[in-house]
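Let me begin by presenting the structure, written as structure tokens, before commenting on it.
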Amino acid sequence: MPFRRAAPSPGAFVQCANCRKTLFAAEFQANLKVCPHCGHHHRLLWDERVNLVFDEGSFTETDAELRSADPLGFPDYAEKHAQAMERTGLSDSVINGTASLQGQKVSISVSDFSFMGGSMGSVAGEKITRALERGVSERMPVIIFCASGGARMQEGLLSLMQMAKTTAAVESCRSNGIPYIAVFTDPTMAGVLASYASIADVIISEPKALIGFAGARVSKQAGVGKVPDDFQTAEFLLKSGMLDRIVERRNLRSTLASLCRMLGGHLMTEAPRG
Amino acid sequence: MPFRRAAPSPGAFVQCANCRKTLFAAEFQANLKVCPHCGHHHRLLWDERVNLVFDEGSFTETDAELRSADPLGFPDYAEKHAQAMERTGLSDSVINGTASLQGQKVSISVSDFSFMGGSMGSVAGEKITRALERGVSERMPVIIFCASGGARMQEGLLSLMQMAKTTAAVESCRSNGIPYIAVFTDPTMAGVLASYASIADVIISEPKALIGFAGARVSKQAGVGKVPDDFQTAEFLLKSGMLDRIVERRNLRSTLASLCRMLGGHLMTEAPRG
Amino acid sequence: MAKSWKEWEKPVLELEDTIKKMKSLVDAEPDPVRRKELADRVADYERRRDAYLQTRYSRLGPWEQVLIARAEPRPYTLDYINALFNDFVELQGDRKFGADHAIVGGPALFEDQPVMVVGHQKGRTIQERTQRNFAMAKPEGYRKAIRLFEMAERFAMPVITFVDTPAADPGVESESRGISEAIAASMLAMFELTVPVLSVVIGEGGSGGAIGIAVANRVFMQEHAVYSVIPPEGCAAILWRAPEKGAQAAAALQLTSDSALRFGLVDQILPEPFGGAHRDPSEAAKTIREVLRAGLAEFGAMSPEARKAQRAARFRSMGEVLAASNS
Amino acid sequence: MAKSWKEWEKPVLELEDTIKKMKSLVDAEPDPVRRKELADRVADYERRRDAYLQTRYSRLGPWEQVLIARAEPRPYTLDYINALFNDFVELQGDRKFGADHAIVGGPALFEDQPVMVVGHQKGRTIQERTQRNFAMAKPEGYRKAIRLFEMAERFAMPVITFVDTPAADPGVESESRGISEAIAASMLAMFELTVPVLSVVIGEGGSGGAIGIAVANRVFMQEHAVYSVIPPEGCAAILWRAPEKGAQAAAALQLTSDSALRFGLVDQILPEPFGGAHRDPSEAAKTIREVLRAGLAEFGAMSPEARKAQRAARFRSMGEVLAASNS
């Protein structure tokens, strides 16, 4: 699996998705895909995320052998899935691994929105579950980076059950003293938000990330009150008490490292197990 | 201690505090002090409450020896307290005991508003605590009838600490599987509401009871939004999710009996202790 | 594509009308021979009606299953609570924000055993539907459920849930009070329980709103209930930008009870009286009674730790994945 | 009756002004003899200032204690967090309704040991005071605290709370979202903890709003803090229908640190630098650091069960009752 992508060619340009200003691609990349003009945090690919946060060269992929099964024979699913694999070089929307964070070993799971909208089917659910379980079995903190439109409807009720399955794994972390930190990135929605994402010990979000249960259109139709301007943004969720903090990309590494060190402090001092 | 009060003299009248209609005292008494015209539930004295709910003759008073100490030498407190004792025949605002409810033994505590507004000082706090502890030690459900203006300021910080002390006793019930049911009657306020009252397993209220944290005037000054018409009534609290149900006086006995039977079911079948 | 369950029940309703009229003729007929003749014809009509219902309901398509699962005369949670339990005391508060009538719950006696019952509740009148928000629960509904689950744990009461919701409430207010967190926290609370937990999907098992209270040791599903990750109309809107293609989506989603059983996501299908549970609610309740009794006996005999572990393992096994040979 | 702590600090402020001016004269003076003379006079003024402060602050009346406990320059929770802890990461959500800035909290390192810190937070600017609602927490503030207490328990982190609030928020919205339940539930959550819990009353220990986060194994109280069942003005309003008689009420309520210690309701008075904690915040912090260190060592050495039992027993013993000889 290609881990470091090629650097952008010198002189290439990109456009900010928010303020529409033109940026040097190399500068944009060097600024962690945060627009220097408006501060907009553009989506990261999974390996960009890993490079951003974890100690250099410390990432080791796990659970890479899992593949989707198309259990329902859902119309066009096999085809769409194959295309996504082809286009992204990934086998599904979630990448698992272990890494170190300022020297502390952690179990991680990273969703990549570019793979079928980061949707959670059986493979994603299994990987999230294993990342949490690995935290329990190897006594280390778990960090999950969320980026998902929700459950993968092409796997029907099996996808819905991933909500319960991943929640069971969170329960295992909680009853075993394993810290679990969720990082919401743009977007974190629906079945993912309504399961493992929202019950992390600590929830951090990138600025302006779209976060919600239902599509904004559905919510607005269903509601009777007025819709706040910042509805379903990270800033809205912070005010609503659903997040612990909004952290800019450049501070993410240090915040996560502090949290893992403190919440996982008891893991360092405990007697070694089995 | 006089348990059954004298019946009202034939032909005596009372006036409904709500609709102001004139009622035969005997009829009013027979109707459990509920106005037959407007349904207003007038305040009950502690023994009227006990007679209303528990099996006839089953009540045995406990903890009757506790007396207030005036630890601060607070201006006029000793005098006021003596007057209240004289007027009510009670030693303080809370009466403890055991009783049976459709045959099931329960630990009970009844506040009487007529004694210094049912306020909670050291004696009331101690009695509430003992009623809850008796539930734990004798493995029986606890029912507390609340009627209080709040903490008794004449005992200063000692009164505030009764909030924590009674909460500790509730914690003991919770961790020992003892059901604890609170019945809010008019009024249930401030330091009592913000401690043992609000953390009962089940909370029932009489209709229209005044229930709140702060005096209504304070709340209205502090708030920015509009004040609902039914603010700080039982009906308001039911809508706000703070109560489980509003039960009319005539149904209180059967509701409490059902709840004790079901929530205390495991106490019947468990092996006898110590 | 049918728009309502009434479409295929129309012949039945007509037949029943005829039967009713003929029965009054039978009663009025003085001549015994003629009466016998008429009674035979009534019996014949009844056989025809039953045959029609049996055939028709045995070959309902997925979309028709959706329609019948949503049908108003179908028994709702409170109907089953009344039929199956005694002494139900509804407890309303979430102790945080509000009283949500889309989910009802409280202690009750099941054959003299105290249990905690929780379920989505639809309404039949327009007023009740509004009051219950069409069984679309808000955060306070799930938080009430959590409170009741935790109370059940303290008092060693088995938990029984009835699932019947189109979805959790998606409104702006529910978002701002954390509908997602409430659903997730409810599932979490159910995984924490050491008491037996049994769930019955009795109507619409609508996505997150349903699974939020369906984390059980054993999940039963009535024959004509549906259980789906997304409403078929929503699925069609996303896939084909055509919400009216709900029937196609219903087929693709495999949301019927036999599919759920085939994938091992529910444990047992509860056969309904022919013509659906609404034709004979007490018979439908009887079937539920039997599986609840068996389930309570089975899990009641387990240790608390084993019950919790079985529940986690049940959901842990769900999902269909392949393993690449070289990775 | 003084209206502000500034009234008795006025002579000090004047003296300090003089001292400052004279110091600049000393620096500018070329003649060593004359400089010595001036420097001696400066030292003399400083002695006089210190003597005044020491005398004045050692005989503050109850009402003056109330005023100084409420004084704006007094160090607040975040000042002590900054002085005593490293790596504090504020966690904001109650996961139910909102973010309340009247209570702050999160994990931090105390001398390399991870702890969970929670405290009321006042504001100094008008803007910050409004944002923090004058440290009057709403239900969501106490529910955030509960979340942090429970997190501390999961990760075996001692809990340290700083108490500094006039009262819990009494507004209509707080009532409708259950401010009473939130306070009671927060106390309950603290009684459930098996980790060490230490509390420091650093300013106003205002009734239910204060005790809501002050259920600790050991409660420390700064010398000039106050702790009361009701604000003195409120007490005066009820007793004498004269809120302006706050000074009388303050005396009657015995809300000072020495009274609290005498009744056994706090465990230790933390002496403040003379002239109050605001004259030397780092010295005040040092005193707190020492008792926290000792408290963590003492309770860290206990078993989890013993810690929980000690906390319950500590509050169980509170209250003064007599027993009638014949009842």
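Worth pointing out:
Each chain carries a letter (A, B, C and D) given by its place in the written order, and its residues are counted from 1.
Everything that follows uses one rule, which is that a contact is a pair of C-beta atoms (placed from the backbone, for glycine too) under 8 Å apart; a residue touches a chain by one contact, two chains touch by 3 or more.
All values derive from a computational prediction rather than experimental measurement.
Of all chains in the assembly, those touching chain A and also chain D are C.
Taking the mean Cα position of each chain as its centre, B sits at the greatest distance from chain A. Averaging Cα coordinates per chain places chain A and chain C 34 Å apart. One inter-chain figure worth recording: chain B and chain C are separated by 41 Å, centre to centre, where each centre is the mean of the chain's CA atoms. Centroids of chain C and chain D (each the mean of its C-alpha atoms) stand 55 Å apart. Residues of chain A in contact with at least two other chains: 174, 198, 240-242.
Multi-chain contact residues, meaning those touching two or more other chains, occur in chain D at positions 95-97, 177-178, 181, 185. Taken together, the touching pairs give a contact graph of some other shape, not a line, ring, star or complete one.
Chain pairs recorded as touching, per the definition above, are A-C, A-D, B-C, B-D, C-D.
In the complex of the two chains, the chain B residues touching chain D come out as 64-69, 71-72, 74-75, 91, 121-123, 125-126, 129, 151, 153, 155-165, 167-168, 170-172, 174-175, 190-191, 193-199, 212-214, 218-220, 222-228, 231-232, 236, 240-242.
Those residues of chain A whose C-beta lies close enough to touch chain D in the complex are 174, 177, 179, 198, 201-203, 238-245, 255, 258-259, 261-266. Residues 95-97, 139, 143, 177-178, 181, 185 of chain C touch chain D in their complex. Of all residues in chain D, those touching chain A in their complex are 87, 89-99, 106-109, 113-114, 140, 144, 151, 154-157.
Chain C contributes residues 168-181, 183-185, 187-188, 191-192, 207-208, 210-212, 214-215, 227-230, 235, 238-239, 252-255, 259-260, 263, 265, 311-312, 315-316, 318-324, 327 to its touches with chain A in the complex.
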